[in-house]
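Chain lettering (A, B, C, D, E, F, G, H, I and J) follows the sequence in which the chains are written, and residue indices restart at 1 in each chain.
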Amino acid sequence: MTQRYAVHMVVALPPDMDPAQRDDLLAREKAYSQGWQRSGHWPHIWRCVGEYANLSIFEVDGNDQLHEILWGLPLFPYMTVTVTPLAAHPSDIAYVPADAG
Amino acid sequence: MTQRYAVHMVVALPPDMDPAQRDDLLAREKAYSQGWQRSGHWPHIWRCVGEYANLSIFEVDGNDQLHEILWGLPLFPYMTVTVTPLAAHPSDIAYVPADAG
Amino acid sequence: MTQRYAVHMVVALPPDMDPAQRDDLLAREKAYSQGWQRSGHWPHIWRCVGEYANLSIFEVDGNDQLHEILWGLPLFPYMTVTVTPLAAHPSDIAYVPADAG
Amino acid sequence: MTQRYAVHMVVALPPDMDPAQRDDLLAREKAYSQGWQRSGHWPHIWRCVGEYANLSIFEVDGNDQLHEILWGLPLFPYMTVTVTPLAAHPSDIAYVPADAG
Amino acid sequence: MTQRYAVHMVVALPPDMDPAQRDDLLAREKAYSQGWQRSGHWPHIWRCVGEYANLSIFEVDGNDQLHEILWGLPLFPYMTVTVTPLAAHPSDIAYVPADAG
Amino acid sequence: MTQRYAVHMVVALPPDMDPAQRDDLLAREKAYSQGWQRSGHWPHIWRCVGEYANLSIFEVDGNDQLHEILWGLPLFPYMTVTVTPLAAHPSDIAYVPADAG
Amino acid sequence: MTQRYAVHMVVALPPDMDPAQRDDLLAREKAYSQGWQRSGHWPHIWRCVGEYANLSIFEVDGNDQLHEILWGLPLFPYMTVTVTPLAAHPSDIAYVPADAG
Amino acid sequence: MTQRYAVHMVVALPPDMDPAQRDDLLAREKAYSQGWQRSGHWPHIWRCVGEYANLSIFEVDGNDQLHEILWGLPLFPYMTVTVTPLAAHPSDIAYVPADAG
Amino acid sequence: MTQRYAVHMVVALPPDMDPAQRDDLLAREKAYSQGWQRSGHWPHIWRCVGEYANLSIFEVDGNDQLHEILWGLPLFPYMTVTVTPLAAHPSDIAYVPADAG
Amino acid sequence: MTQRYAVHMVVALPPDMDPAQRDDLLAREKAYSQGWQRSGHWPHIWRCVGEYANLSIFEVDGNDQLHEILWGLPLFPYMTVTVTPLAAHPSDIAYVPADAG
């Protein structure tokens, strides 16, 4: 069964980081993120307005896979990450009770 | 242009609320929420695991419409609501730069 | 695959609750908790010293099952619950890499 | 429709920043800010007394434009920014209900 | 000299307040607020989206007058109020240095 | 009319600051502070026990003058400053109602 | 030796308190406060603008006397009180080193 | 081996509690506390100045005994309790290294 | 008697740490942790998903031994550690009352 | 009269501090602390388990002396210090009312 999570990532790069190192880091981050987006495991990524931060939705096998994806982010050492596990909401118009699924 | 927001709603009902009043309130909340879901303005609603809370995504005309929808929630007087305005993320595989849109 | 979570539950009962109602509530809570403990899904429950709170470990199918168990707690309306999803730790002497599992 | 936001920006420059770099940065920040003020999109900027911080009001097309303006601030890498979306207030003497506007 | 302040007011009415008492209270609040708006001392009042709260700007003689206005709000006993004193910002296109004013 | 404010200043100097630079900075801070104390605008300065911090009372023309004094502190780049505007208290034995003043 | 403290008191009266009880309580609070002000132990009391709160300065024999005065406040059961012990500040123009006092 | 803990207890009694119930509760609390003080397990209890709170030191067999003592406090349902486990400090003039004890 | 504690450790390594120093540090940390795991004093270590952090359970002689183990962690200077003492929970299906043990 | 205070000190040394400088600093800290312990003014110092922190009790002439002792700590520039003034507790079995002392 697929597990869904909301993940909030805040990035704090040192302002004096070497520009070439920074460009390389951001290029790798983008490629890594887009690879997981294409796999279907990272269906949403939104920018939080006015912040170097994003809110993302992940759909993965479970806790271990989610941790591996996040741990592998090239920007991970510069991030503060908050994970919120999500469940189906009974008021969702697409809701199907688990025992009837 | 449609504006997107993440909205976190935490519900705190008094434990000794009259059961009939509570049932009525929850039925009205569900109907109200599902009406806005069907309109397309409330595309996602997820339960935060272990909490009487949800994380929702809204796509509306802007700040005023979002406030009207939230203010009208039957559970609004019992909620703590946090709104995060969202923008397109440049690493999103569906991203189209605004000036090229 | 089984998912593991740490769950912190803080209880706040009104000090003037009717004693019979309280006794009934606590008896139902204990029976409910022990039922899930016996099922193997709630392998640990510890009291946080000096607090009306516990730290528990759950091993369940995933986010939806965990939410259903917690939502069904007779004390849920009086609780503040915090969920931390857990993954295997690479320094754990019992650790087996996922791709070799 | 124009969207209004309150934005709180707190600046933290390293005390040992090179003075010439600092002067250049602040000159570019001022020019950038005044450009957006003259465009009408940044109608208010106030200093928070005793802090290297400002409270500003923005009137823009929406979330994406606001993010682009803030992201482009020369001081952005040194700022902590908080965005509060605003709606018309029904007690405002200038208030006109949306459906009658 | 006129002093400027940002004031954030969060309202928490008991959900079970008598509707007539509530209507009366809100009518008096609106009249009181609009009286001060017409006097020019309360030039801006905005709704914070998704909250029973407003962000307001006051222009008054000073601390004592601001306190009297806020203390007199019919909703004051139900409010949490935060006051931020504001000064002119040197990047404001309307800025005139004080000693040259 | 004079405005009164409580100001809390917390100082964080880098422990490895050059001793001569530090001595110079502190000497300038002391001279600057004592100049404003002698002017009557900074009537109280107290050390918060166990902290590199002070609680001060300022009596100035208003928000702009207070900000200029604080902004000019030689230690300002190393400080976290919190400003609380104060009004006369009706229980003060020296209290004179404003409208009878 | 006299000890000096800053004390911040925030009052939260239930909005539905009986008006006669409230008037009596506030009259006793005022008389109690003014008695200690006249004794010289409570030299300053200021209103925090926009809040049902005050910032006060006490000069007393020490911790025990301060606690007795605060504990005896008629409003004490409705207050959140924060105490900051103060020492002489070496930049104070009235400062006399302790060992030379 | 005896275990030492610092325990911070904050009491919040409803201001409208029946005076006889309150007197009874406080008398039982005092007797209970003094019983444990006399046993040697509660060697220090100090009042935090200006607060309905105490800081206490406990010397007990371990976590379970400490929890039982605190849980049994007549005021426990009205308290917020924080427990800090303590160890010997190597700079203590009475310090004896554990392996040499 | 064995004492049980939950320990939450958050690691913050400088992103620009020398890779060889980092590898050495992490190898020593792993060996140290696994030594204590094999001793039976560190029965559980779990990764907190999305964080450079773990939640661990310790079973030790008491506060002093726990402190010595944690203080000796090679990563200790880079960690923020939170300790929660645990007691047996009366709803635990394995619970045996202390006085009957 | 002697005044009593609880003082919580958290130490944050840079992990890359020169070992000789660090050893010297810690040796001076220990000597300084033990000097005040022997004077009777620093009767208790305990390690907070799992933290580079201590909880101490001071018995001194008053606020000024306490500040001088703390300010003089060799580790002071690396510490976050919190001071809680303490008074006698009426439930203390050693309590003697002040007016009967």
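Basically, a residue touches a chain if its C-beta (ideal position, glycine included) is under 8 Å from a C-beta of that chain, and two chains touch if they have at least 3 such contacts.
A quick note: this is a predicted structure, and the numbers were derived from the prediction, not measured.
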Required steps from subunit G to subunit J (each step between touching chains, minimum): 1
Comparison of B-D and E-G (more C-beta pairs in contact): B-D
How many Å are there between the centre of subunit H and the centre of subunit J, using C-alpha atoms for each centre? 21
Using the average of all C-alpha atoms in each chain as its centre, how far is it in Å between subunit A and subunit I? 28
Find the geometric centre of each of subunit B and subunit I from their Cα atoms only, then give the gap between the two centres in Å, rounded to an integer. 39
Scan subunit D for residues touching two or more other chains and write them down. 4, 47, 49, 63, 66-67, 83, 85-88
Contact set on subunit J toward subunit I in their complex: 13, 15, 47, 49-52
Which bits of subunit B are touching subunit D when the two form their complex? 1, 3-5, 61-68, 83, 85-88, 98
Complex contact set, residues of subunit I against subunit J: 7, 14, 63, 66-67, 70-71, 76-78, 81-83
Contacting residues of subunit D [partner subunit E, same complex]: 4, 6, 29-30, 33-34, 37-38, 45-49, 54-55, 84-93
